[in-house]
């Protein structure tokens, strides 16, 4: 057996963590959850920084629950960058490789590569105290990645980053996580559904120390069963194969905007929010800019805050199966929509983001 | 030829004379290095009991020498080689007009003395008792050099010291009538069988006696 | 920084500087060269610097591990051990000397063993001086270092562990560098304590020129007879101290974050 | 924590505990009550606790402000001041005593002034004991506290200032509480140093029962005549120390973050 | 004169800050910029934690450049929460009021109110070391707000917050900032354009220590002049008056989803991304769910990454003036769009967020 398998139970004052998780070999798990739900605590347990008495943790088939951190071959980015104040940025990043036995020159070489990758090579010789918040966060990320661990644990790796840096880091992380050879697993804590979608195969949602949802990213985010997940996610995800101008699903096209690292022909996921989906009556096809218009049957209609969320049946080839669309109540009334109505769904290509999928079959 | 070492433990009040004797002995024996360890006699005795190694012990007090003999540390009979009596050391010129032991009880006089645990201190008590006076002391110092130091520094107006201690110009002496009511006798003894130890003892008793007399010590 | 602190700070400074000024005023600078080069002075100075340096090294080698154990282990008896380690601090040094004599002296249980098995007697040797100094100075190092270890916390050590560093690496590459300022104060304090050691030394090691008569003992012996030479020696020490502190200390003591 | 640290740590512990064990072995427990209740012992104990406590208070009142000034002000001469403050550390205590005599003694420049203007003579009084102890002990406090101040950094003080706290408030409500562990070590160290003070005391204050003969002086005096009684006194001190350390220290020294 | 006026010049190693800013009385300035652009440095200068020699700072007409922090009456949330480790959460928050002269009971009362406001009242008695990252961040925010300062400085106040907490905090902040009496000013550093839009009247964009854009929020975000601003913002903002189902603009309606604290009748701003705007030819009006369809004239067409950004002329009443719409190049070709084309813009009500405006006239 390989991958990561863990069962953990821990009490801390009033807080109790009770989690079981299972990440197959080579895959990435995203952990979502409200503040204080136990995400960092979970990561600390996996890293060996907390050692609950009642725990079983297997990394690549090896039981590590009794082992101290360095023997677990984990790499950790904690929520606080905690860069070593007495070392330069370069030596901070070189610390991991050095500790794993590289000689000084090699370790520095590795560190320099990672600093470049993460876009902070210019700070190599600085003391950490002279970095801005986002710069420190990036150096800490480089430090965690440079250890090349069996189990990579990242706690909000993209927090504090600016709008240019965040996508760049996300792409860099995706590269790292995809290149990971067999026997490697990563767990990423995040508050951003886009991280989960673009980085993770699986999602685990924590609330008050317990797992409230768990499963393949697409399934959990597309049909969230809790309010929290719905609020952070509730995105439409369509799996297919990247094309030059979007995605091919069951032979049908979905036009969209390709992410920089998406390669036509490779597996990909199209993401668009329910609020971006327009609904037309079947006999009234629009002739406008929306590139994507296709038929669907309404499966459900339910109030969702100020809007009504409509879901389509999972009964057709192409992208319109099992899609959510948010409409104002006025629109629902105006179009006289109901369960079973035949409609045309329309979604502007500009609202459809196409991300490379992490692997060919993201579902178990 | 290799230099031989001779270790001598000597009472603090012998500091000056034994430093001279050390020099003379070394002049006569160029191959010998004499090391003299000065401290209060009782402390020296205690160190000997705890394993300090010395060849010769010169004490300021016969009781102390008896203790050392009792420990079985001596290799020869203790022999008296000098006596000493107390006197009053005062600031040069004696500005307060101190004339005797009785003046040490005056309100305006700051006087210091040895603590009773050491020979000069017990002698001081003995003398005061014999003369039926009760001097007021500002401090009881751990040994006689400390007493002298306080007077030299000008912090004390008067101090009870040995007559042998007031030979320099930094202090003046006020002799005590009847000082001989408390006389210290200094014995010397060897602690090893080394021939050099016996030779040093002979040297002190012989050629050394002149130096001792010059320094003010009495003959035993 | 509140203004009100200046007044007591200046008073504190005066308490330290005025006596030293007094010492300088009394110094007979003309005789200084002669006094400093006397046999006794040179012997004492050399012996003091040597033994204080040796015992400081011992304090670091033994005290830092002890401080780490005290700060980082979670055994229940740690609290008692800590109390015991601090005892030499409150013991009058003379008593400390007796304690050493009673264990390592000829009649002490360890001393007897050493004497019988190896023919070694410790008291009244230079080794005894070093042991006495280490005994009184080590708690100063342990207290400084342990306090700093507790204040720094374990966060950086944890991070280092997750980066794959084994305990020995964490210790040498994270704990120690972060500890440097505290270690520097600890070293200064314990070196100073060792250099000034009097009571335990005279009791356990005696006062023999060139062997056990360190500077404080020499100064004490000379003080009454020849204050000038004692003062001269002290001035020399002060100069050495100022050089050490001004030149060597700042970098480390001003800390990593400065 | 690396395993390898245990060996030196245990050795360090042995260095401290074995002599104390030796002391206990030699104690004449039958005579203990008599020895401890002798007039001289009681006087010395009372005087020592009193003067050490007083001088520790002085050390805190004067030393903490000085440490803050040293750690936080940016004047260029701070480095020199720091070196001067540390001088009593390296000065043999006897010389420290002379330094005090030369400034506050009858012929010292300050002492003369005091004598002429106020009719006060300091030497041979209990005040002299306190001054001598403060002189030698204060640097210990200053070093501990300054080191901690530098290590903690100014981040929390800055935050407090932005929340509207004036320097005095920052000092009492942020700097001091965060300093507590270091202050506690500093207090322990300087109290210990004051309690064990010998050389400066005997030089500057003399040795008179009930007035200036503190415990170390008493022990030194008794050591010649009656070692048992010296040992008995020390045992009493040890007991007091253990109680103080185990009961009073942990909360503060184990630190805020523990 | 009142409000905040500052001119600052500071060098720090290789970095130079050179900023002039002017925030009118009672208004809020958002500071945006990439990592390391000097945002935190700017705030530190205003707070008095850094005191550049070359600075003039006037708060409410008073020159404070020479004053230490407590005499500036500022309230600061720094990027790192830095809660006092020796005080409970409650006493951390009470610290400010206490320092400003309140007695202990009053200060605690104030603190408790703010903890409740920020949703962390349950942690009042905890030590900061026992809080999660997001919880600590919220407590630090409460602590900054509780000082009731003349100049409030917030560095990324909503970072590390979960999807439920962030909007709640944003609403709470908005309440605070709107309630602020005359003579008060706030400066908020953020990476999220939504914060700028919903909290700030003015925006200042920093890059490498210099101001690259500055002006009313709406103007800067709607027509960004730098790539960075365009990437973080480039949103459509429409100013009007809130109605029950959206916004009224020049008498025309724009249907949308009202934020919780938006009150019909009050000034409000509608926000929607260019990618949400569909374009139809004028003669081909769609009959679908999009509630908002109105005519416009194309003013410009320019490539914008993978899409084409179209801008409408500012020549009509209603919401379609000066609007940006992103289309795929294929759609532009298909509809044969060009400058001057008459089109219908359509935007789904569900994509239109209506936020309360901070004041009646957000322009200078």
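For this structure, a couple of remarks:
Letters are used for the chains, namely A, B, C, D and E, taken in the order the chains are written, and counting of residues starts over at 1 for each.
Heads up, the rule we're going with is that contacts are C-beta pairs under 8 Å (C-beta built on N, C-alpha and C of every residue); 3 or more make two chains touch, one makes a residue touch a chain.
Only a predicted model underlies this, so the values are computations on that prediction, with no experimental measurement involved.
Between subunit A and subunit C, the least number of touching-chain steps is 1.
Minimum number of contact steps separating subunit A from subunit B: 2. Greatest centre-to-centre distance from subunit A is found for B, with centres as Cα means. Chain pair with the highest count of contacting C-beta pairs: C-D. Note: centroid distance subunit A to subunit E, computed from Cα atoms, is 26 Å. Subunit A and subunit D, compared by their mean Cα positions, are separated by 59 Å.
If you average the CA atoms of subunit D and of subunit E, the two centres end up 57 Å from each other. The residues of subunit D that reach two or more other chains are 98, 101, 166-167, 220, 223, 227, 257, listed in rising order. Counting partners per residue, subunit B has 43, 146, 153 as the residues that reach two or more other chains. Multi-chain contact residues of subunit E (touching two or more other chains): 80. Chains that are in contact with each other form these pairs: A-C, A-E, B-C, B-D, C-D, D-E.
Of all residues in subunit C, only 1-9, 11-13, 15-23, 25-26, 61-66, 68-69, 72-73, 79-96, 98-104, 108-110, 131, 134-136, 138-140, 142-144, 146-148, 150-153, 166-168, 170-171, 181-182, 184-185, 188-189, 191-193, 195-196, 198-199, 203, 215-216, 219-220, 223, 227, 230-231, 233-234, 237-238, 240-242, 245-246, 249-250, 253-255, 257-258 touch subunit D in the complex they form.
On the side of subunit E, the complex with subunit D involves touching residues 47-49, 68-70, 73-76, 78, 80, 82, 84-87, 95-96, 98-100, 129, 143-144, 147, 149, 153.
By the touch rule above, subunit E contacts subunit A in their complex via residues 12-13, 33-36, 39-41, 79-80, 130-135, 138, 155-156, 159-165, 191, 228, 231-232, 245, 255, 257-258, 274-276, 278-281, 284, 286-291, 305-307, 325-328, 330-332, 335, 344, 346, 348-351.
By the touch rule above, subunit B contacts subunit D in their complex via residues 40, 42-43, 46, 110, 112, 115, 117-118, 137-142, 146, 150, 153-155. Against subunit E, in their complex, subunit D makes its touches with residues 155-156, 158-167, 169, 173-174, 177-178, 180, 256-257.
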